[in-house]
C-alpha cells in the first residue's frame, strides 16, 4: 500500500492546497485579462494531472508525491531540495512571483479522453495556469494539444514517444523526459560493447503509437552498429499472454529479443520470455539476450528477478551522484521513506523549471514562459547540463543506460547504472525524419 | 397547456426539462467561489457539456434497453464512430460542426443497422455478447489503427487520437474562420457571458448551450417515441415477445429500428464530444465505456424518461468532482476532530473518495440494482410517496422492475 | 371445404410416431374440439398449426395458405389468433395497453414505423380497444397493471386481445387448464358469448370433457396420433371407441 | 511444420487457461442459471491468494546493519523473513520459493468460502430476477472486488515467480525429432497445462461418477423435477458455486508465475471468458472446454506473421470474429442446449 498519509501538521503547513484560495477561473474568454487564468489573488494554481486509477496508478502516485514536494519547496517549506543546487537562482522560496503555490489534482485514468476532461476541469473550474503530468504518450499528446488550444502551459511528465516533441509538438508544451530516439542512441554503443556488432534482433512491439516509434528508433540505432533486424511482430495491447509471440523467436535465427513494451505489457512479456528460457540458450554460437529499451523502476519491481542483466534506458536514476540528484533524493527519501522513480524526478524538475521560467519572465503569461524556457540552459537538477531546445521544446541531457541488477538488496535496488551517455551523443537535428511533420506553431496565451 | 403535440402532463414535463437544462450553469454553481464547498460546484463548461452529451447518449441507450430490454454491451462503438466522423470533417472541410454532426448520425446509423441486423438475430446474453464482440473489435481496430494500416493512410490515428494537423486539407477554411470548432462562427469553447454576483461566478458557454439545445431536441424526440405506437410495441417486446408475435407483430424490425435509433443517438453524442473538443480518442470505444452507459441507465432508472439523464449526470459528477477529493481535502474537512479520530475517519473515507471513486460507484451501483431496481427515479418516487404518506404497498411490493408508471410522478416532482 | 384443412399429417420423433395420417377439417363458423388422452398427439398437432413443427408429410392449409413453417406473426396476419394454456399477456403493461397493441397489429400489420404518432391520439384504436374491454366486461379494470389480474381476468384480457383482431379462426390450447371451477365456468360463458355474438370459428384442444361438451359443435377424438372418431358431441359421448381409448390408456 | 506444432502447443496452453475459467462460469450458469460477471474477479482473487501467501511468508522483522548504508546514508535496515529465522535460512527460503504451489492448498478453502459467501450473500437473491439484473449486480461486484484488491495491493503488477526448479524450458522439438530450439516449452506452462487437465477431468468425473454430481446434473437438466424428488437441490447448487469459484481461483493461483498479477487481470479475462462460454454454448461444460482450446489455438495461429501480413491485427480481432461467425451459424454455440438464455 502506498498512500500519501501526511500528518495534520504538515498539511496545515502545506497550507493553501486544493480547495481553498483558488484564483478565479477566467475561462477562455479573458476579456479582462491578458491570458487564460491570469492569477489575481495571492495564489497561483497548478494542475497535476496524473493517472490515479488504472494500470499506471502507482506511477501516478509517485509523480504526485514529487509534485507535493515541489510545491513545498517552491513555497519555502522543507529543505528546499534541488532548488538549492539549481543553476538558476531566480526562485526564492516565496512561491512564484510572490504568489503562494496551490494545486489541484486530477485523474487521467491513462485515457486520452479522461485526461483531457480532467485537464479541462482544472483549467475551467479551478483556474489552473499550468497543467503537468501524464504517464503515457497518448495522454501527453492529447493534453498538450488541449493546453495549446486553451492557452496554458503544459509541462509533460512521463512521455517517451518521439511524437510528443515531433509530429505532435506544440508551442505551449515542454518535455523534460527523454524519448525513444535517445534511448536508441544511448543503448546502441552499450549493446555493441556488451553483445558485439554481429547480432540479429527480433522485435516484439506494442501495437500503438509509442510502440511503433520506439521500435523504429531502436531498429535504426541497432542497425547503425551493424545488427540485423530479423523480424518485428506487433502485439495486441490487451495481450497478457505473449507465449505465441515469444515461442517462435528462438527458431527465427535471432539472438537478441527487443521488447518494445511498457507497463503491464513489459512485465508480462519479459517474465514470459525468461520463462521460455530464452536467456539460457545459445543461438548462432552466442548467448541469447533480451533488451527492454525503456525501463521504469516500478515496472522493474513488477518483473522481479526476471530483469537481472537486461539492458534498458531511463531518464534519470536516484543512484546518480551529482549534487542536484542527491539533494532531490534526500528530501524525497526523508519525506516518504523510499527513493523516487525517474517519473517522479521528471515532474519535480518540470515544476521547478516552470516556476523558474515564470520568475525570470516576470509573468505567468504563457508566451513569456515559452520565451524564458526556449533555449534555456541549466544544471543542478540531475543529469548534468541541460538544454531546453527552442526548435521543438525537447530537453537535451545525459541519458542513462541501466541494467537489471543481480542480487538486488531491496525492491528499489533493481536497476543499476551501466553508463551515463553524454548529451552530445543523443542529440539530433530538429528536422530528423523520425520527428518530422509537426509544427510547433505560435505560443497561445488564450486571451 | 399543450405544446408540440404532447398532452398536458408531458408538455409541463418538457417545459420543466427545458428550464432545468437552460438554467444548468446557475443551478450547478450553488456555492460561492473560495468557500470550502466550491469544490462541489459543477457549473464549468466542460462538465456541463458532458452532462448534456452523456445525457443524450443515455437517452438513446434507454430507447433500446429501457424499452425493449435488449442489453447492448457495445454502444460505445457508435460514440467513437460519431467522434471520428466529426473530426474527419474538420480535417477535410473546416471547423464548422454543421458538416460533421449530421454525418456522425448517418454513419453511426448505418453501422448500427449492420451490427443490429446481425446481432438481433439472437436474444438474451447471446445478443449482449455479439454487440460486445463487435464493439471490442472496432475498439482494437481504432486503437491500433488497423483499418488505416489496411488502406495505407491513417483513419483513427491510433491511441493518440484523431486530431487536426496544420497540413490537413480543410478545403472550406476561410481566412477569418475560427481555428476551433464552431457553428457558423459561434465558437464552442467561448463563453458569451461570465457574470459575477458577489462571490458567485457563473459561466455561460456557447458549447454548452449548443449541446443543451440538441439535448432538449433529443429528449423531446425520445418523449415522442415513448408515447408513440412504436414505443408501445417496444415495451411489448420487453414484456412478452411470444405474445407479441402471436398478436401479428414482427418484432425484429421493431428491435432493429430501436437499435438503429439508439445507435444514432450514440453517434450524435460522440459527434458532440468532438464538437466540444476536437479530438477523437479510441478509448471512448472500449467495452468499459459501454458498461458506463449501462450503469448510467440502470442507476437512473431504465425505462423511465428522466432516469438515464439523471444517471449520466450522477456518474459524470462522480468522475469529475468526487474523484478530486484527495486526502488533503479530507483532512481539512475533519480538522476540527481530535487527531486520532480524524485520522481514522480520513483513513476509512479515502478508500471511497478521490482515486477510490470507482469503489463508491461500484457499491452504489450494487445497492441500486439490489434494492432499487427502478433506479434513482424509483428512489425519488418512494421518498415522495413517503412524504405524501401515500399508500406504499400499492406499487413498491411489485418487483417487476418496471417503473413506467411511477415514472410520471418522479418526472413531475424530481426537481 | 373447411376453413382449416389438415391433410395426411404425420410426424415422427426418432422412433416414436407422434402423428400418423391426421385428416381434419374445421368448418367455418363452428367450434371444433380436438380431444384425446394424454400423449395422444394434441400438442404436436397444434404445433403443426402454428408453424412451430413441420410435419414429415401432409399439409395444413388455412383458407388456401399453407401454415407449415411460417412465422407466428404471419399466421396471425392471415387471421388466426391463438389463446395459450396459461394466459399470455403483456404483464408489465396496463390492461388497456394490452388491447391497444392488438388493435394496432390489426390496423397496421406486422410492422409499421410510426415514432411520431401519439398513442392516445389514435382515436380509432382507443375507441376500438375500449369497446373490446366493454365486450369482455373489463372496462373498469382498464388502467390496472395486468400482472395483478386474477387468472380468469387474464384469460378475459387475452380473449379481448384476440377478438380485437377479428380473427377468422381462434386456436385455443386448453383454455381452462389449471383453473378453479368458477373461473372455468366463467371462461366457458365468455367463449359461448363470443361464439354467439360473432360466430368466430374456433379450434379447441382440450381434455376437460365438461368444457368440450359445453362448447363444441364437432369433436375429433385423437388417440395415439390418429383421429379415431369425428362427430357431434351427442354421438361422441357414448361412442365405444372413445371409451376404449380413454379407458385403455387409463389401465 | 514445426511452426504449426509450436502454435498448437501454445494454443493448448492458452486454451487451458480459457477453459478453466469458462468451465467455472458455465458451471454456475448451468446449475444456478446465473450469468456471473464477477467470475473474472474470482480468478483475480485466486491469483491474489498466491500473492497474499507469498507476502505472508515474507513477513519480516528488521535489524539494523551498521556496516551498510541505505540510499540516504543512514544505517541500512536488513529484513529477515520470520519463516527463515524459524526454519533456518535454507528451508525458509525453500518454503518462500514454493509459495505458489503452496497457495493451491491455501486458496482452496478461501475460494470455497468466497464462493459460498457470494452465493448466499448475493447471488441467491437474484435467481428469480432477469438475466440483465444478474449481469449488472455481478458487474458491480466485480468493480467492488477489484477496487478493494487495488486498495490493499496497489495497482502495480506483483511478481510471483514459480519455484526455481520449474523455471526454464524443455526443448520439446528435440524429443520429436526437430532441430534444437524449434519447439521450446516452459516447464511451468507444461505444469499449467497438466494441472488444467487434471482439474477438468476431476470436475467431469465428479459430476459423472458421484451421486452428488448426478443430482446436480439432473438439476441442470430439469430443476423442478429434482426438487419434486425431495432433494435439496439448492444446497447442492451452493456447493457447486463454491466449486466453480475454487476452479477459477486455482486457475488464478497457477497463472501467477505466467503473468504477474494485478488488480485488473480479472476484467482482462472476463470478456474473453464470456466469449468462450458463449461460443461453447451457455450451460455446456464440454462446450466450454472445447471452445477454450479452440479459441486458444486459433489465437495462437493468428499471431503468426503469415496471417498478420494478410490482415493486419488479425490476432487482435480473431476471437471476436470467430465468436460472431459461430453464433450466427450455430445459434446456441458449439454444444449449447436449446432454450437456454433465450427468453
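Per-chain residue numbering starts at 1, and chain names A, B, C and D are given in the order in which the chains are listed.
One rule holds in what follows: a residue touches a chain if its C-beta (ideal position, glycine included) is under 8 Å from a C-beta of that chain, and two chains touch if they have at least 3 such contacts.
Fair warning: this is a prediction, and the values are worked out from it, not measured in the lab.
Annotation of chain B and chain D: jointly contacted by A, touch as defined at the top.
When chain centres are defined as mean Cα coordinates, A lies farthest from chain C.
Compared on C-beta pairs in contact, B-C and A-B come out with A-B as the pair having more. In whole angstrom, the spacing between the mean C-alpha positions of chain C and chain D is 51.
Work out the mean CA point of chain B and of chain C, and you get 45 Å between them. Chain centres here are Cα averages; for chain A and chain B they lie 34 Å apart.
Averaged C-alpha coordinates put the centre of chain A at 74 Å from the centre of chain C.
Annotation for chain C: no residues touch 2 or more other chains.
In chain A, 53, 57, 207, 234, 236, 238 are the positions where the chain touches two or more neighbouring chains simultaneously. Shown for chain B are the residues in touch with two or more other chains, namely 140, 144, 358.
You'll find the chains touch as A-B, A-D, B-C, B-D. On the chain D side of its complex with chain B, the touching residues are 35, 122, 125, 129-133, 135-137, 139-144, 147-148, 151, 267, 271, 274-275, 278, 282, 311-313, 316-317, 319-321, 323-324, 327-328, 331, 341-343. Only residues 2-3, 6-7, 9-11, 13-14, 17, 71-72, 76, 79, 150-159, 161-162, 167-169, 181-186, 188-189, 257-260, 262, 264-265, 268-269, 299-300, 303-305, 308, 312-313, 315-316 of chain D touch chain A when the two sit together in their complex.
By the touch rule above, chain B contacts chain C in their complex via residues 5-7, 224-225, 227-233, 235-236, 238-240, 242-251, 253-254, 257, 261, 398, 400, 402, 405.
Listing the residues of chain A that touch chain D in their complex gives 1-2, 53-58, 207, 231, 233-236, 238, 240-241, 243-245, 247-248, 250-251, 264, 267-268, 271-272, 274-277, 280-281, 283, 298-299, 301-306, 318-319, 329-330, 333-334, 339, 409-410, 412.
Interface residues of chain C facing chain B in the complex, by the touch rule stated above, are 50, 71-73, 75-77, 81-82, 88-93, 97, 100-102, 104-106, 108-122, 125, 145, 147-148, 161, 165.
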